[in-house]
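Presented below are the structures under discussion, each in the form of structure tokens.
Look for chain A in each of the two complexes below; its partner is chain B in the first and chain C in the second.
For the complex of A and B:
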């Protein structure tokens, strides 16, 4: 009896063991990387949302103008026009801020490298001029679109598309997609953060954790889409997107139009000079 | 003063580039502490002034041309280290996009115009400005610094040209690279720079410096108003006026193409041959050679080149600023 009591009062052996668990530090910290990537996309979208463009030109005109210049660029057959466009784009780029410039150039450099690799045979087979010329054209086109997407917030892009009579269902899908990327991104981030705080050392089931998050995100997205749609219907949404016009400045539009006209005139002039 | 490729031997280029490496490293390190992230784009403006200054070619005695550099000007506005980087970037853009100044000779050109010029010009200004009480006196000091800076740079370029025939000749005694010895190159470079080009540098430096001081003192001193608009207007004015630089029709001394050097008359007789390496040396095709754009009229190409050059240097420094850390004001207390 006494013996039993004594044994009961004693601290169990497993409690007396020295704690010697040292978690293996994870080398690539997979979760942190994922979180950082998601955060950077969200931050960019939020920054874009807060960005109020100083550019008073109508978004639809800017989109049309960009497409038009790209068409002229691909039709042109002399270096002079490409040179002119590159000067204009450089000036436009010089007025962007550092973050925008970096993002535009990143895209453009990627495209240039890709086309350069494809065009290497042209340079080797004795057409170095074609190599330089086409790479320059690719660079200019991608830079032009990069500047457009970096200086036009996405809601203005949708409104621009609306004025081209794009069916509402496309705009609706695009609009909701943009919303969801932000909403679901935030949910993803919260779950990853929760997982990170509960984890010590190296996890052998990283992939499993991620599938769980993806599954929950999918379920959440279904829930959210229903809620969003209901909310929109409650507020009187009937499937049509009215074109809400921003205070467009006619002077800016006219200036932009004159600029486009000048570019067109120069295009024909330079083509004519090079042909003659 | 832009030394083209093949006028200097690769060994000379290598020595001068190696000499520039520690200078660049120190300048970058210093600029990071001296200049805040917000002021970084101003370096681009400085480089733009330098780029434009170098496009105004002036006719010099002897049928050649010369130009201002503006290195001392940037040193006065943002310090000599910033000037070193700004002029280097301007020279880089000129060499790469417009074929003005060689790719191999880039280090040599930087040594003359981005190292000797701004540091010496700024040093002399500091030395003299300490003794000057009035604002006018300081402007005089700036002018003297600019004059000394550009002439020292020209002298360095002349010496680099002049030592080539002493070191490198072929079996028949003909020079392989620059064919003119020191006795020809030094007077040829210095007469032009001691007179007209030196004067142009003084006027350019003093005029722009006093303009910036008056309209946008924040660019020079901390906690003062920085007005960007007048400075941009001045840049625009310079861009529009840039075709004036085309009026000087000659080629700058030491910047002839391989096809024209044989006919150049120096000291009463034409050279009569094309140095071997000049004819068959390294060649690099710039995108817009000699500031021409395709088949556009020369003056339009010149203006567009000026616009593109200014835009590129501004972009380079804006991107550089975006990589800098935010200046933490709490550290200093």
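For the complex of A and C:
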């Protein structure tokens, strides 16, 4: 009986012969382009995950500072103030690495182009000042937010939001969302790698493989959410989500505060000068 | 068959491989050993043309495998057909809604006739003892079953080289035994096999040669 079973499970003849296969030269560009696009986005996400900023200022102060400067910028009617903020941002940007600078400027330039297109009528109808001023404000605001998001990890942004008395459940949901994006991104990344190794010809059902990957990712996300919930319950989760505060350097906070104060003073001074 | 000369590779600032050399001859079974994070998986990805070295050359059957050569659709398809790669996590490899479709994927791409596809899929189901799973969704299988399906899905294309990343990790004792016997059969059949593993028994039973990695730092 066992011998029979063994014979039945012998390696088939074709597996011992050299494969007679000549691959088609035509590119299956849809699948390849889609894969490349998804892979590049996931690679970027992975790279961002690995980055952790070395800023010692409290995240809540940095978030509040960024929002405050954006409010001042939008209220300002003086081009000199926008000039001052752009100098400060340029100096801050100089301390970032190449990848961060690229990422910040990419977002900012995109926003500038978008607002420039919308404001073209203003320039044509005789308000070039408005065109330049609003575009500059958009550029500075987006650059500021870009620097913040590129130098402050997500977990610190969410813990910073806690200082603004946002509900625990809101922060918890944000934290979990980021956690799943990373985990599911990793799953997609691995599956696309595996798919690439198995792409040995022209795929007749072009999108089939990609929908399969998305389907598995969806199933995995359900499984992950159940596992996370179970793990949290096992560790005493009762619906509250207390966050530990990061130890921030008082000196860094004081310096940051003084900087913000100086910007505020300059804002009022320049507004006063321009009104006069 | 596989030659890596003076390979350097790093992720961001972390150097993973520095002036790495390796040669694998046809029909050999080579074991890659070393602690976690020493670069075994990176070498496997390089061997599969998924990533490319910053410096050095990788030759497969005497032909250079570079980003540029892999952009040539015919070369890349032929290369991937000749190398079968079993991922450490079989979940990563399975995305069809039935085991049969999963195994047939490579054959459909190769443009094989329907009767040949059927015959080969049946052979694989029998060979790997997974006939009962043919209609099941791979996602819902056990780890050992998933591993078998993933293995069937790469073997069906009749690769010349089989690359296995921790092939028996996470399997129970009987599934491990089954896998070891199966790999021994593949070895006897003359396949070139590269295995990254921590498992001493696997290394002893199958390996002709071991390449031991050290940590770079």
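Operating definition for what follows: the second predicted complex is superposed on the first by the 227 of 276 C-alpha atoms of A that agree within 3 Å, B and C clash if a C-alpha of one lies under 4 Å from a C-alpha of the other, contacts with A are read in each partner's own complex, and residues count from 1 in each chain.
By our rule, a contact is a pair of C-beta atoms (placed from the backbone, for glycine too) under 8 Å apart; a residue touches a chain by one contact, two chains touch by 3 or more.
Quick caveat: nothing in here was measured; it's all calculated off a predicted structure.
Asker: If we overlay the two complexes on their shared chain A, which of chain B and chain C does A:12 touch? Say first, second, both or neither.
Answerer: So A:12 only meets chain C here.
Asker: Could you tell me if A:111 is touching chain B, chain C, both of them or neither one (first, second, both, neither)?
Answerer: neither
Asker: Does chain B (first) or chain C (second) touch A:196, or do both, or does neither?
Answerer: In the superposition, A:196 contacts chain C only.
Asker: Is A:140 in contact with chain B, with chain C, with both, or with neither (first, second, both, neither)?
Answerer: Touch partners of A:140: none, neither chain B nor chain C.
Asker: Of the two partner chains, chain B (first) and chain C (second), which one does A:23 touch, if any: first, second, both, or neither?
Answerer: The second partner, chain C, only.
Asker: More residues of chain A are touched by which chain, chain B or chain C?
Answerer: C
Asker: Figure out whether A:219 sits in contact with chain B (first) or chain C (second), or with both, or with neither.
Answerer: A:219: touches chain C, not chain B.
Asker: Could you list, by residue number, the parts of chain C that touch chain A in their complex?
Answerer: Spelled out, the residues of chain C in touch with chain A are 12, 45, 48, 50, 73-74, 76-78, 80-81, 83-85, 87, 89, 91-97, 105-106, 108-111, 120, 123, 126-127, 129, 139, 153-155, 157-158, 160, 185-186, 189-190.
Asker: If you look only at chain A, which of its residues touch chain B in the complex?
Answerer: Listed in rising order, the residues are 78-84, 86-87, 90-91, 93-94, 96-99, 101-102, 105, 132, 136, 270, 273-274.
Asker: Where on chain A is chain C touching in the complex?
Answerer: Touching chain C: residues 8-12, 14-19, 21-28, 32, 47, 50, 187, 190-191, 193-204, 209, 212-213, 215-216, 219-220 of chain A.
Asker: Which of the residues in chain B end up touching chain A in this complex?
Answerer: Within the complex, chain B contacts chain A at residues 287-288, 293-296, 301, 304, 307-308, 310-312, 314-315, 318-319, 321-323.
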